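See structure below.
A, B, C and D label the chains in the order they appear, each numbered from 1.
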Amino acid sequence: MKTVVIGVIGADVHAVGNKIIDYVLSKNGYNVVNIGVLSSQEDFINAAIETDAKAILISSLYGHGELDCQYMKEQCDEAGLSDIKLYVGGNIVVGKQDFIQVEKRFKKMGFDRVYPPGVKIEQALVDLKEDIGI
Amino acid sequence: MVKNEKMPLQDFLKIREEILQGWPTGEHPALKLEESVKRLKSVPPHKNFALKLRKAKEEGITLVQPRAGVARLDEHIELLQYLEKVGQADFLPSTIDSYTRHNRYENAEDGIKESEKQGRSLLNGFPAVNHGVDGCTKVYENVNVPLQARHGTPDARLLSEIIHASMWTSNEGGGISYNIPYAKIISLEDTIRYWQYVDRLVGYYYEQGIELNREPYGPLTGTLVPPCISNTVAIIESILAAEQGVKNITVGYGQGGNLVQDIAALRALEEQTNHYLKLFGYEDVFITTVFHQWMGGFPSNESEAIGLIGYASTVAALGKATKMITKTTHESQGIPTKEANAKGLRTSKMVVNLLKDQKAPDSSELQEEIDQIKKEVDSLIHAIVKIGKGDIATGVVKAFKAGIIDIPFAPSELNNGKILPARDIDGKIRILEFGCLGFSDELKDFHREKLVQRAKIQKRELSIQMTIDDIYAISEGCLVGFTKD
Amino acid sequence: MVKNEKMPLQDFLKIREEILQGWPTGEHPALKLEESVKRLKSVPPHKNFALKLRKAKEEGITLVQPRAGVARLDEHIELLQYLEKVGQADFLPSTIDSYTRHNRYENAEDGIKESEKQGRSLLNGFPAVNHGVDGCTKVYENVNVPLQARHGTPDARLLSEIIHASMWTSNEGGGISYNIPYAKIISLEDTIRYWQYVDRLVGYYYEQGIELNREPYGPLTGTLVPPCISNTVAIIESILAAEQGVKNITVGYGQGGNLVQDIAALRALEEQTNHYLKLFGYEDVFITTVFHQWMGGFPSNESEAIGLIGYASTVAALGKATKMITKTTHESQGIPTKEANAKGLRTSKMVVNLLKDQKAPDSSELQEEIDQIKKEVDSLIHAIVKIGKGDIATGVVKAFKAGIIDIPFAPSELNNGKILPARDIDGKIRILEFGCLGFSDELKDFHREKLVQRAKIQKRELSIQMTIDDIYAISEGCLVGFTKD
Amino acid sequence: MKTVVIGVIGADVHAVGNKIIDYVLSKNGYNVVNIGVLSSQEDFINAAIETDAKAILISSLYGHGELDCQYMKEQCDEAGLSDIKLYVGGNIVVGKQDFIQVEKRFKKMGFDRVYPPGVKIEQALVDLKEDIGI
């Protein structure tokens, strides 16, 4: 059973999606470590190290995602998590923006998978299976 | 333990001194109470939130208000002016950014600077504390309708001081509604005290002859919240506010989706708020209602989103809400442009205007739903008062701990988090898992029966999957969710 | 004098020969009846209008259909495909151009040519007769939902032959509803005969085992038409159609503006159509209803227009109409682009989907309004039958002449044109001037009282100015008009 | 009392506006000759000659206005009505078009006043008074 860390980054309290992600991933055979809302980069990294997680799934809904996710990849590398898969989804920027551009920016920041608003976790399962198995 | 008792003026003034030192903008001549009283007395009736609400209530019409806020002062003013002129907003908000909500004024300061540099807002709202009385007064001076701060701030004491001194005549929030859905581990006792302070400030102004409006935040998590739960919170926050001397309160409710249940909830909310205020000895509080257009996940297709907005507006008007908070076609994507925001307003306003001469006819289905909600609220409030040994503030703190009151999907660890809502076959929100909710067996049976009926008709099991399907349902264009397979 | 009697097959076939000679496209192998029967039998259920309506009725849902039509065949197909895919239309129309409606096929031919030349449609609809069976069949083959001709053609015999032979399974119109609102001086006897032919054709196909749908055109002039008048016309046209062997009829009603009156009108319409059909001896006719989104002058602001569309959709769904005809944000300006048309559809569909599990609760206000409309319709139909000495076709011709039935704002000189409608204080459409309308004094008193009440509340006189204000009102964002001064 | 001819041109049956125009102009002191819907250019011209009208107000709602109004000015000139004021209003073209362009086209065709959709007859009264008095 593969372990994944999920949570909502920054000063963000959107909890609904997070609870559903927890439920859906668990149901689909993952060991889900849910650090919940209002989580810092450190929270994610510590949880991943402690549980030997294969992927970190960051949610950001409230608009400050771009700020909150800066240097996340570098922090992971420093913590010895250079192989861990980094996913981000939700409403990760402020306002309605062209997603092609947004994806580029986040990929450049080191994220492996970047999801636009409205992509349900069910749809991302295929990617997760491809990237880390079950 | 926190008590529902009016804060003595001395205590209030003492805390006030500290509060104003929380950030440099707390030091401002307008924040001397004599000065702020003078300023507030200069507000003309058409810019006073409380008075405009009284007038609307008398006329039986529904007024509209958007959400809106950006980092930079000038851009914020431009935005509000646009919403007033093009959007024809009856009330204007200033939605506060998330850093300010967490009292992280330094982050907010960085956000403003970075926004100035990049020439666009990097914050998700207006950092009112950082802009201070001067900035907020400039906002006030540049619009022609009443202003309100809308946020989600557990400790909004400094913010409230600044906005009222800037002649903003309404403030949204409450010790419960701006904690449980908006925080993770902040003590409920603390936030109730913080909001007693905010209410005491409004009470103080009332003593000086100034009527300000307060609005407990109704929709909570905005996601399948059973009416009895949000109504109970609204009533309790009204009582807490009234004790501090607040006289003009707007209780809120977020659209659930079923027309009859939503209208019933609005009616029950208004009637029971008045009822309980009187019961607890608060005689002269003026109550209005606000209906929030669908607060859960929105459809991403813009035509579908505007359909939902049109439907919501119909419900608000038929339910005779005094105010409606509008959404936009950008909702599922991100903070709306001013154009999208104004369009949402105009669509909403068209509908409430068209329907201003109409209301939902009385019917037994409506009456039964009103009675049901009232019974449930009575049951919850009874349990809260009981566990608080007569004190509603103590009671609510203990009730959350015991799970007697439980808000679905709330992020707060203070919340029991065991309740699971789901829709019945008509789309009315019922409860699937009760946790320790303060419900009698009779009430529970009613809910269970309704959900068993749905399960039968939909040929499925009673399970959390129902709840999940229902969470997705509206954004996918239906009300009662179902699993496709 | 025209009679409500089934046309003998011989007569029908004889007229048919002539009709098919009206324009070269009338000569086509598919127009041999054996051939057209074969073709219609090949239509799969999901492309059969009548069957899809039966299914929707069973499920209790409301389906959506736009108006749409352009001059050139390929552009028309592209338009319909767009409305099907992007707009998610459940039914597709082909709105016919005004020249074809007046049987001016040569003008239509010029219009097509000129449109081909300029690369854009210069006609306000699809000239189906000129495109003939080949063109219309191509339309049918390129869409996946049922097709209907929508027009306003006093003499639609050739048009109807062509569309049915092209496997379009529904046809809108009727001898009254496509005359009085759509013509100036065409004899009502003639148009009733023309439409008896159209219905006889549908009846013929039924005898061959093919069920087609027919839709009397409900909204008439679309402008403050009192429900009793449009319902009466719909019922009479249903009887006339049933006599010719039509078995699947959709009766229509155009939104009036007051939610309760509109739902009452829909319910009364369905119930009384069924009632009168049985009363006149037609036992096995399947009745559905269609609700037309506001048919009068639209607001020019697009956000307001979409608000009206959202509200209309709410009414249709709560009133359980089986079908709804949608409008667009371009309505006040001109024929919509395909994009605007699709958006109107999506907004409408979102709302009816959201509301599919709900209906208007029974209430005494609703029941009283239903009863009122029924009494009025009974009174009108009684008067018509009486003056027709038992024959409804004769009766209706005489009734129009006598003003017993009178359609407000109709262009036809055959119409008495003395009736003046106006809204009461709730926005329900009542009658201010009755002319010679077949109403008892009791009915008249009811209307007068309602309008006197409005006049009092609005502090104004009972006069035609009320009517004029009401005509402008919705496009100006309210329901009950008032004179600003 | 000045006489004006009103009517709806072509195969157009939109009668509501026409009835209101009749009522409003009459109430405002004009002698209104209303030839109703489905009227041809000849109908307008004949009515104007017979009644010595000072203006012809053409309504077109259904979209074929541009075709139906062609050569109206020339026909008027030929009939000796070169001084008569020619107004047109309603929804005079097919679809939502830029009105500046539409106005130009109709002015070129010889119309004195051209009105966009939604201009109520009440608003046009000022122009009429200016052009022909009462």
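The working rule: a contact is a pair of C-beta atoms (placed from the backbone, for glycine too) under 8 Å apart; a residue touches a chain by one contact, two chains touch by 3 or more.
What you see is a predicted model, and the numbers here were worked out from it, not measured in a lab.
Asks: Could you work out which chain's C-alpha centre is the most distant one from the centre of chain C?
Replies: Result for max centroid distance from chain C is chain A.
Asks: Chain A to chain C: how many Å between their CA centres?
Replies: 54
Asks: Can you work out the whole-Å distance between the CA centroids of chain A and chain B?
Replies: Spacing between the chain centres: roughly 30 Å.
Asks: For chain A versus chain D, what separation do you get between their C-alpha means, in angstrom?
Replies: Chain centroid spacing, chain A to chain D, equals 66 Å.
Asks: With chains as vertices and touches as edges, which is it: line, ring, star, complete or other?
Replies: line
Asks: What pairs of chains are touching here?
Replies: Here the touching pairs of chains are A-B, B-C, C-D.
Asks: Which residues, counting only chain B, touch chain C once they are in their complex?
Replies: Contact set of chain B toward chain C: 257-260, 299, 301-304, 306-311, 313-314, 318, 342-351, 353-358, 361-366, 425-427, 474, 477-480.
Asks: Could you please specify the touching residues of chain D with respect to chain C in the complex?
Replies: 10-16, 19-20, 23-24, 36-38, 62-64, 67, 91, 93-97, 117-118, 120
Asks: If you look only at chain C, which of its residues touch chain D in the complex?
Replies: Against chain D, the touching part of chain C is residues 98-99, 101-102, 104, 121-124, 152, 181-184, 221, 223, 296-297, 300, 330, 332-337, 340, 409-411, 464, 468, 471-472, 475.
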